[in-house]
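Per-chain residue numbering starts at 1, and chain names A, B, C, D, E and F are given in the order in which the chains are listed.
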């Protein structure tokens, strides 16, 4: 089976486990075990080749664009890790079946565990760095899920978030590093990268890459100063802790260091950063572990410490140090996993993990106690156990360290000190829990754990002992291939033996044990001393930091996006002002080459009136009624300007739109306050004045620059083709209904939607209806002035005739559907004013929604008709017919299109008015009482 | 006068206006005008309340000419009043009792008054709050504003004889 | 078959009109049925068009048979058609979602959605600047109305801001068009691009003004800093299904920038080539920063998602401003991904809010989500995708974005900002999710009395979120496709003319 | 001569418009302003008719007609607002 | 004359912008209306100013540029639709919020999660 | 100079004068009610003069008669009184002060 099956099988297993809710616990566990066992079999199947020094590959070409491929490899290092991941994984699965109480969901835990296992397997087997990162992030996610397994506990949620944040940050750094690395080498394939160590180290990006990748590794493997997430991850169920913190999650960081060792290691900076970080972590972890009263806390810091130890080893500039590191990876995994499991049993059976309560457990659970003591001894580095072997190798290698120059002697000293503390906390683990008097207030009556719950521990302890006694037999070969994978082929000569004779490392071991015993015996004083130190907890820093960041963000956002429309508008306008204004200064001359028209009286008066109207609108803007009158002047003058500059169609349109707009504004004014209070400070007014003046100057200048220069435009085409191609002499109208009919279709759609939207806005709206005007006058009694009512009836047919006139001539002379529609609408508005909406609604029995839809539909069908002739949408058609008596008559599809425009305009305007009319007509009583909108 | 041809006078008027608008007497325009002249009143019929119809068209045309003439003189009079010194003007509100109650004749009278010498119709009393109904037979008054009132009684008399009486006669009410 | 180019615009229009007319106008059931059916047909049309374009390359379609530059020409290249597909797919999902009851909370929901789709597709397809304006207005007016669908008073204020700002934006658009026409005498994008390279002297400055104003308008729609401020409130106050639909709207702005920027202001177009690149670039970076701050500051989930849209807009524009093929390709991939994921998140947030009683979607302790697993799975997936974590589509996008910016040499500023923003968003979203789903007042889920989620809603959300894994599984063809689309964008018309096509 | 007459009448109309705007700006009451606006509408019709005469074209006739119609509606609407507040009650 | 025209456009833009920057919906709508006048004039001017050459084919040689005219027509109609909508939205906002103040007040932030 | 030109010129001058006088009245008169007279009458007739002038002019200069200008006149004649009426109504409603010494103020009923 190909390598990619390994993660695939565990993924499938994860899915299967998640659906196993109906199975019994034993069945669930059994089903779950299938996937890792198969995966293990696959790995073992390839193991002989690996032991022969080969690397097994499996490559699927995938994203060439990104250089991401599905690429797996199995070399010594990978094999070692897969065995650890799968082996300890199986034990944890087995153990969890007994650990988890009935009310917790076993399938959920198993699904997450297998997902996590997949991620880990993916990391260690990746041959593509991006793929590696993929699985790396997957471990972050799945560990988040595992840590927050008991999600109703605040501790679990916080711990999970912290773990995810820290490892996520590292993951992003790692990604950056890997991308740069890939760019240096030109490939994301690991074998290429690993073979290009020299090229990488000579690259100018080497330092940056290294730091980024190390950030990834250090955060994951909880190196100082990123170590603080790990103790809080202990909120997870203990099997999870056992898995994550012995063999997997934290080891991923170590794996990364080992994996990239050939590519990145061997430089001063590598040794300096890695070894110093490892050393610091080693010391801090060992020291703090002693003071943790929580068993899992102790183990957590011990884990940190041991990870520091491995890191330090990888940072020491000798090949044997690397071998020692790998050896310790194995050893740590075994004894730490068993210790966690033992802790789980203690927790499970007593209900607490507090060492101040736990005493004398030996009496209650001798088997567990024995197992735990063996493991703890291994952790302390007691001879005949595997921990001793690797620790002694470690001591030996510290003696060769050169990296601190003349101060290099510090390293073995500090290492011994750390060893002493590790002995001390191991001693505490043994003595404080299993001996040391009687238990205090235990929640449960303790007793020995179920038989099978101890099995995984027994297996692990057996390994500890076997490795400790017969190292060559058991680990030599795997250690050999793993080391050669890290050191790229150069297999160092190493010899693991229990006895090397009396030498310095042995002395260091002895010192450590002695020191440890001394420290432990002085623990009372140490605890007191520790209590006087300020508690510097990474967790609080993280949480407070997060709080500070969050509240800072909230403050900034509420300052920035403060809900003030004025601010948003002013930002927009200022942006415009800047970017439209700046290029004006680049121009040499604003005025272009065209001969300007002379100013005549006509223009002067028109300009005067327009400016007066505009300025008056601004001056009176707080007296809204007057402002409305003033803006009417502007509208009128704009249409006069259109008339003046040869745009009769525009003038007509502007006029009709103007009136309908004013009517709408007045309707609005009725429901709005009549006057605007003075609100803006004078500074603000000044600011607004400056900005608006600026806008005026800029736009005016652009306008002036444009109108004074010659234009080479496409418009001649329209003039030439209007009659021959569009069948009309009014070029503007032909553009509207033919050349650019698509715009017009969109435009009437807009109008229709606006009407629908307005209906929507006003539907069932409770409104405030003033019973007096702004000066407190009651409204006049006469609703429908007599003379007006009479005349408006007379005017209606007249207005309709005029709109028919304007409609029909539109194609050839100024006019058209839109203007005609607005004229009709205005005529009906007059009826509304004169007779009121009830009167109209009794007589005008149309459904405006349908009218609007039909109008647009007419235009649409007119355009779609050309499909019948396999012509593009809106292809126009016209022809001249000789009708008897009438003479030569033109029929054009554009007329139908224009009819659609007409119908839509009438429908939309009427719908708006009818919606507004409905507000007040339905319920006259409302106008008497002031009902401010309250739903 | 039926459903399909509700207002012949309106139709004729519309046709004339149509031809005026198009400046054309071609058959096509007449045809189109006729179609419109017939179809528009059908559409607007619901919006037209029942008004008394013109009983004496000839008199109506004569009255129209009278009013046009009066408009010209009125305007010249008013122009002189405007240009002349304001201080000598004697503005006044005058209430003219009406013999008519229907909306259309009153409207016509009020319009005539507004267009003719120095007077502007201001209000029709009594004010009705809702829609005007023709079966309401309460006596009505026309309030007018006079720019320069010489003799109130004479003015009322003049309005009643010169304008109101012919309108009453035209509509036969 | 040539006419299919215009169908993505016409069919939604037709659908909307049908939905307004009898018999669809009357009964809710008929309307729902018709709306879903019509939206599905719309999607099918778009897919057909896409395959057509894949077969025979970019299509142009002269409306009314008036050739460019005189008439309005539709320009269906891969990117445009992909986006119309995306829009119709999103609409279909939102329509299905709304059929669970949201549509009946106000009038004209279905027609308006189809109108919106028409506007969006029109904006994507058109090759004419003024026509672009018209379709902008179509989609805007439809969006104004949709924004007020089942509105309460918070919506009203948000809508008011949105409407007024966009009206100012429309005015600016027109000034821009006036300036462009006044200098160049044409409106067809290709023609404008050809003419702009021949400008001299002061005309260049004027064209620059026009171009800047255009970009400002597009930036306003795309929610680029500092013009983004309307977005968080507007989107978070809109009905979630509407907000989900709006996820495509900022993309219209982005698309317009891509379209205009790479034709009119392509590096080869004379004195105005790559105009304002720096401004766009820095504004985009600032947008990412502010969006991220917004994500962290959000007190409710809807606002959080709205801010995610801001971040995605910033990211997109940063890529677009590079005017480089890889970056554009990455932008295309990321655009599809982020649109759908953000939409899914909006809908998901709605589901969450519907089950948490009074607390609704606020990020605080509250009632547990009753159907926690059903919603949680999709929320988790969408969150992963939006953060850019494996195994969902976000990670491909993220890598591509980083790679593209690296190759451009623009990583010194972009990478730190982008990566730190990613991290903060990761923290923000995770924190929000864990509070909403896990930090509960009562544990007794069985006692909570909420209506189970309507199956339509579940389908819609799952289908939307399901695209994300799909985009990973089929990452190879999709990335190749994006690259091909980007290649079409970057074919410089001036170069094409000289060399007789690439 | 007709040409100079037209110019002269233009001047008169221009003066009239300026008088209108003076009243419009001065008020003092809102009905005064509406009256002035209404007058302005009519004077604008005069200007446009004269402009058509000046340019020897009847293209602007419809504009004049529309101003007449729409100006009336506008005046009525403004007054109705003063009287009743709600235009279409 | 071009100068006067441009001055008009500038004044309209200035006045419109000033009104848009007010804090109440009605002046803002007035400002938008005024701005749209200005914009229409501007867009129209992009085809240059011509006197007495309306684009109605009549055998003459020169015509005003008809394209901007058509564009302005479209813009006017769209502007009308938008103004109508914003006017009604202002009414709606008044009904919903009790005033016509466009900015978010500090108190209005206390949003409750209740949705209908 | 043709006779129609004379006619047109006179009508134009007359119309212009009347319109100007109407606007003068608007400015010069002391109260609202008196101001109203100018625009409703003088301006209306002035418009009629102008329109008749245009009618004559176009009828002579172009082929066929151009009578449509008369429509505007008719329209103004119909609407001017109504505008005046509704304006006075609103003035009364606003209780605008009439010039001192205006007779019959008490005849205005409360509306």
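As a working rule, a residue touches a chain if its C-beta (ideal position, glycine included) is under 8 Å from a C-beta of that chain, and two chains touch if they have at least 3 such contacts.
Here's who's who by UniProt: A = Monovalent cation/H+ antiporter subunit A; B = Monovalent cation/H+ antiporter subunit E; C = Monovalent cation/H+ antiporter subunit D; D = Monovalent cation/H+ antiporter subunit F; E = Monovalent cation/H+ antiporter subunit C; F = Monovalent cation/H+ antiporter subunit G.
These numbers were taken from a predicted model, which means no experiment stands behind them.
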When each step joins two chains that touch, the fewest steps from subunit C to subunit E total 1
What are the mutual neighbours of subunit D and subunit E in this structure? A
Would you identify the chain whose C-alpha centroid lies closest to the centroid of all protein C-alpha atoms displayed? C
When A-F is set beside D-F, which has more C-beta pairs in contact? D-F
Compared with subunit D, which chain's mean CA position is the farthest off? A
For the pair subunit B and subunit F, the C-alpha centroid-to-centroid distance in angstrom is 16
Note: subunit E sits from subunit A at a C-alpha centroid distance in Å of 38
Averaging C-alpha coordinates per chain, one finds the centres of subunit B and subunit C separated by a number of Å equal to 62
Which subunit D residues touch at least two other chains? 17, 30, 34, 59, 65, 69, 72, 76, 80, 82-83
For subunit E, residues contacting two or more additional chains: 20, 25, 28, 38, 40, 42, 45-47, 52, 54, 56, 67, 71, 74, 78-79, 81-82, 85, 89-90, 92, 96, 102, 104, 108, 116
Contacts with two or more other chains, residues of subunit C listed in rising order: 130, 134, 137, 141, 144-145, 148, 152, 157, 160-161, 164, 168, 175, 178-179, 181-182, 187, 233
Which of the chains touch, listed as pairs? A-B, A-C, A-D, A-E, A-F, B-F, C-E, D-E, D-F
Which positions of subunit C touch subunit A when the two form their complex? 2-3, 6, 10, 13-14, 17, 20-22, 25, 61-66, 69-72, 106-108, 111-112, 115, 118-119, 122, 130-131, 134-135, 137-138, 141-142, 144-145, 148-149, 152, 157, 160-161, 164-165, 168-169, 172, 175, 178-179, 181-183, 185-187, 191, 201-203, 205-206, 208-209, 212-213, 215-216, 220, 226-227, 229-230, 232-233, 276, 279, 290, 293-294, 296-297, 299, 329, 384, 389-391, 395-396, 398-400, 402-403, 406, 415, 419, 422-424, 426-427, 430-431, 434-435, 437-440, 443, 475-476, 479-480, 482-483
Residues of subunit E defined as touching subunit C within the complex: 20, 25, 28, 32, 35-36, 38-40, 42-43, 45-47, 67-68, 71, 74-75, 78-79, 81-82, 85-86, 89-90, 92-93, 96-97, 102, 104, 108, 111-116
Could you pull out which subunit A residues touch subunit E in their complex? 558, 562-566, 569-570, 573, 594, 596-600, 603-604, 607, 610-611, 614-615, 617-618, 621-622, 624, 627-628, 631, 634-635, 638, 641-642, 644-650, 653-654, 657, 660-661, 664-665, 667-669, 671-673, 676, 679-680, 688-689, 691-693, 695-697, 699-704, 706-708, 711, 713-715, 718-719, 722-723, 729-732, 735-736, 739-740, 743-744, 747-748, 750-751, 753-755, 757-758, 761-762, 765-768, 812-814, 818, 908, 912, 915-916, 932-933, 935
In the complex, go through subunit D and note every residue touching subunit E. 55, 57, 59
Complex interface listing, subunit A residues touching subunit F: 777, 780-782, 785, 787-788, 791, 794-795, 798
